[in-house]
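Step one of this worksheet: look at the structure below.
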């Protein structure tokens, strides 16, 4: 079993998730590359050594260039705030390192394009953290669609509702400021939904009309009790979309939808059936086939299992359920396979750039009130 | 128990449903008006007498004016094709009869406006067959919303998918022709969704952008094997909407969505919770309240029961389930109450006219590619 | 359309349900016999005339023998307390009337046997109100089982939980006294579950061990505040069972199961699949077939529809949902068909007697702590 | 962060699961003990070195005594066939090592008792792999029950159905032979259900009647095509049970239940509510509280989240879903906490012994047809 040296930049939740994935991949898959946890980076000198110990890395640094320049490291995780994705990813690619970068790719299309250009010029593999598309059961559903189980794809409809900001009394934060963080639900949530739309349909959104709603137009100023601050980005973001395959669809996301914790729900409509998914039940796919006997037609609840590989890297029998972290390990596995084979996988920077362009078009359309090409 | 003479015009499914409701209302409610089944009308002389016997009416006719002119009849059901709704409803209202007319109200806004004008000039009560809003559990949900159980309403999102025309091999029919039947999914399906949007939010859609998709652009000509005929109305109809209360929302309907039989699903988002419904499970409402203890928060599946009146007109205990016909009896009950009290109920011709205007605006927007005021 | 004169004895909920069914059957089915509502009986002279008007009968009486002796009446509904089922049913059968008797058949096996004997000696049809087995979708599931869709039946497991008596503060009533009402959950609830076990498997329970639990051993005396009265029958009743086909199964019912309103849930296990049902979702059946492609295997949620006749007597399209009353109409329809054809249907007094014997054996086993033959 | 040297004996699925847990625990929890993967043991010399590399251990051996005698190892995982649990666990405990042993504890009560005796005499902590009880959401449900959220516990009802052996054409194996493997579904599946019954109710089963069913009485001989071999242990195992707290309940398990992959479903009934769980949806608990407003009462679907600790060791927000392996990490975490604090946790050998006694009593009862004390 060959090893690959890895480094993680950023130790918040996503840095932790990447570290867990690196620690598990060898044991889970038992073939291909085995990650060797070389160096972790956090800009905070107070915590970086403790994080090194916890996360099981050999070395620690507060300077991300140490990771990039380390000759033992071939693969680098970019788990830092979105505004620094471009800077670090570009530096890593230029140093010849493979890059596993969290989503969204960047804070605007120009940055994403620069990242893509550098990636194209490199010999390195890239992977973005659109992990909901990495679920073995979702990938199996995509295979079934490609095999024609639901006939021709005729539409895609998706929702991604969360309640992170649903509490009207939640104080103002930089996330609610367009200048500081860019768009709101569009940047945070819509990118996942667009990744799913592209992935499941094998098609891209090319034209759309979008809309925003800022449900809570001001929030409590956390520093001045009794004062309010204006919110100027979107709590809710919606779009009607046309795809290059000729199908149409709808997208809507909200960060203020009480009760939805990870409410990514999508439907692929077909000429002979339908496939649906709800991320809160990540181990279940709903499939309807009109080919079943009429008395027996109904949505089937298919449970994750050994027929939906690489499920069996984790569990021998169906129904025992994968979790979010396991899916992150699958994501890493696909990247490691790309590194071994030289064949780019989903979602690389090419894929990510297309997603960014859709988010950008939604933004322009929501602001202008026009149907626009992506 | 006072009686009211009733007549039914049209004996296809909706005529049957109205007749079942008339036969059940007295026994179910045991107070108010008891319908007395006076006369049934069908233009087909071959079947009208058999239908009279089946449906339990005293007399039959092939001329709807016989029903309208009958002095023993005070309430008339209009269960004929949409294109004749206006003609019969107007005649009935002018003759001083109360009118229970099936949905949609008419085939265009002008007709609906004429119906409304005549209704306003009459002393009669009107009711449109937007029966999904008549479900006791749905009405209870509306009460809860009005009482503030989910806080301030912040959004409405609805879907109504059916698979009536989902089979690509289903032959061409007049329903697929804009000239013959008007819009497709917009007229057939969207009207129900708009009725629900208005009813649940207590607010009206005032601005929108809509889109159409004709998924199957041609269908088999049933009369010329091997030939195709073009479909020129919408299989799928979608919209982004603004309401006069300031909230925003989304609407989408399809007549080609495999597996959805009566897939009317809607969500009312609020500042303190959410309420959702799926018409295929008409005896269940989903309610999330952020006021529950954090460890115990979750969507509650509330079953129809005696706390959601007039459930107990049918069943003494919760969970025993109402059906479509029972809800139709509720609809009739509300109309009979209006007749008794003189107080118009939902959905009368005022409400219906507003629904028609939204459908019309969706149509104009879908054809023009513009955001439009209703 | 031929008519049949009917009488209803008892005007509480079940009398009302039978009356609603009689009023609907002709319109719903449009063929066979059309019930003509002749006479209703209630022993309470204060209400009987009002009930007559409400329920739409021609005549009323306080003496059930008037109904039995009426020459225009051929079919009689027995909707009175269980303790009088035998007396009235026997009198009706002896007078040559068909009998539609509510469940359970009687208060003990001896009474049930007498009813059966008289029924056998008559030329009349009998029907017991085991209405959950009359659901078109359930009957379709039985057909599928008989056709081998789940292979050989290998087991039956059923639960019927309700919360009628779940509140510990609910006052004592005669239902909680063995002398006054016989067994508790066994009589009230288990009979439905046994009917389902027999109906779905086409097999009978022949040997069992049963157990009782009186969860609330005393209840508030409603007449003496602060005093308690002992409960001496079962809140919970459970059994392990062997069937004459060789399969085994389990049964459990409770009248103190919070949250279950009509929680009749059963599973038929087979060598090639499984079929499950939950009465609270009476329009859905769950079917698993191991013959589906492995990646696509899952429980299908089959919605009631026109492929599950006589669904289309009520509704033209699937998914529009039948309710409890509609299923009661189906029950009546099956009885009317028996009357027309002379062919006994399920659940006649033969079937009911077998159910009573099982309940009796559970009772004896629960009291003796022994496995017993039925 | 202190380290603890660990060894794993057995490299099949459970050895892999323990190794994944050891690799993840430090990063996930970031405090307490960090496992250091010292040595792995497999009796097969062909694979042990490859397994060592895959699973990330420092050393490998084919002799389990090497693990037990290694001075750097303090904690040993026993992931071998059930028949060797006792031998290895006893040796490890006698060598002063903490033991994490897979379920069931042993192949009979005598072995389990010996293991318990040795554990009591040691200063070591023990943990059995009853992982379904280690789910943070399940543990939170237990807390809620203890806090009285559903009032007094009044009953426990559980099912554990799987379809591992549901295919009648599946060939005979040693698992189907009582001499070779002991009981069937009782040993394999019932133990999990009993662990849940004890854990959730905080009470123990003391009296029961059990039953067996061997659904497929012979299976294909894999070595002699066309020949059959008799199956002499149980495919289905059921019981009616009394608990020492005074409540009663039911248990049933099957290894031949098509469609159930990990169908562990249980209900705790209470005087003020109910809590239910389905292991196939491990991130959801159903809670009904009769204290909710009557119009709003219903089962709540509570999603795993940060309010159900140690969820946040894995994920920052609710609804992102834990998987089987994550729950195994929780199990390990509880053991490591026991090692640190010296305070035994659930399910230690004391708990396991009580579970074994119930399984034994079920077996004796099923064979004798008698109610028996445990």
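In this document, chain identifiers A, B, C and D correspond to the written order of the chains, with residue numbering beginning at 1 in each.
The rule is short, and it goes like this: a contact is a pair of C-beta atoms (placed from the backbone, for glycine too) under 8 Å apart; a residue touches a chain by one contact, two chains touch by 3 or more.
Please read all numbers here as calculations on a predicted model, not as lab measurements.
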Any chain that touches chain B and chain A: C, D
Chain of greatest Cα-centre distance to chain C: A
For chain A paired with chain C, centre-to-centre distance based on mean C-alpha positions, whole Å: 53
Euclidean distance of C-alpha centroids - chain B vs chain C, Å: 34
Distance from the mean Cα position of chain D to that of chain C, given in whole angstrom: 41
Residues within chain A bordering two or more other chains: 260, 297-299, 303
In the complex with chain C, residue positions of chain D that touch it: 150-151, 154-155, 157, 159, 163, 166-168, 209, 211, 213, 215, 236, 238-240, 247-248, 250, 252, 254, 256-260, 267, 269-274, 288, 290, 297-299, 369, 371
Touching residues (chain side chain A, partner chain C) in the complex: 140, 143-144, 149, 284-285, 287, 289, 292, 294-303, 307-308
Of all residues in chain C, those that touch chain B in their complex: 1, 13, 16, 19-20, 23-24, 26-28, 30, 34, 50, 53-56, 162, 164, 260-263, 279-283, 303, 305, 314-326
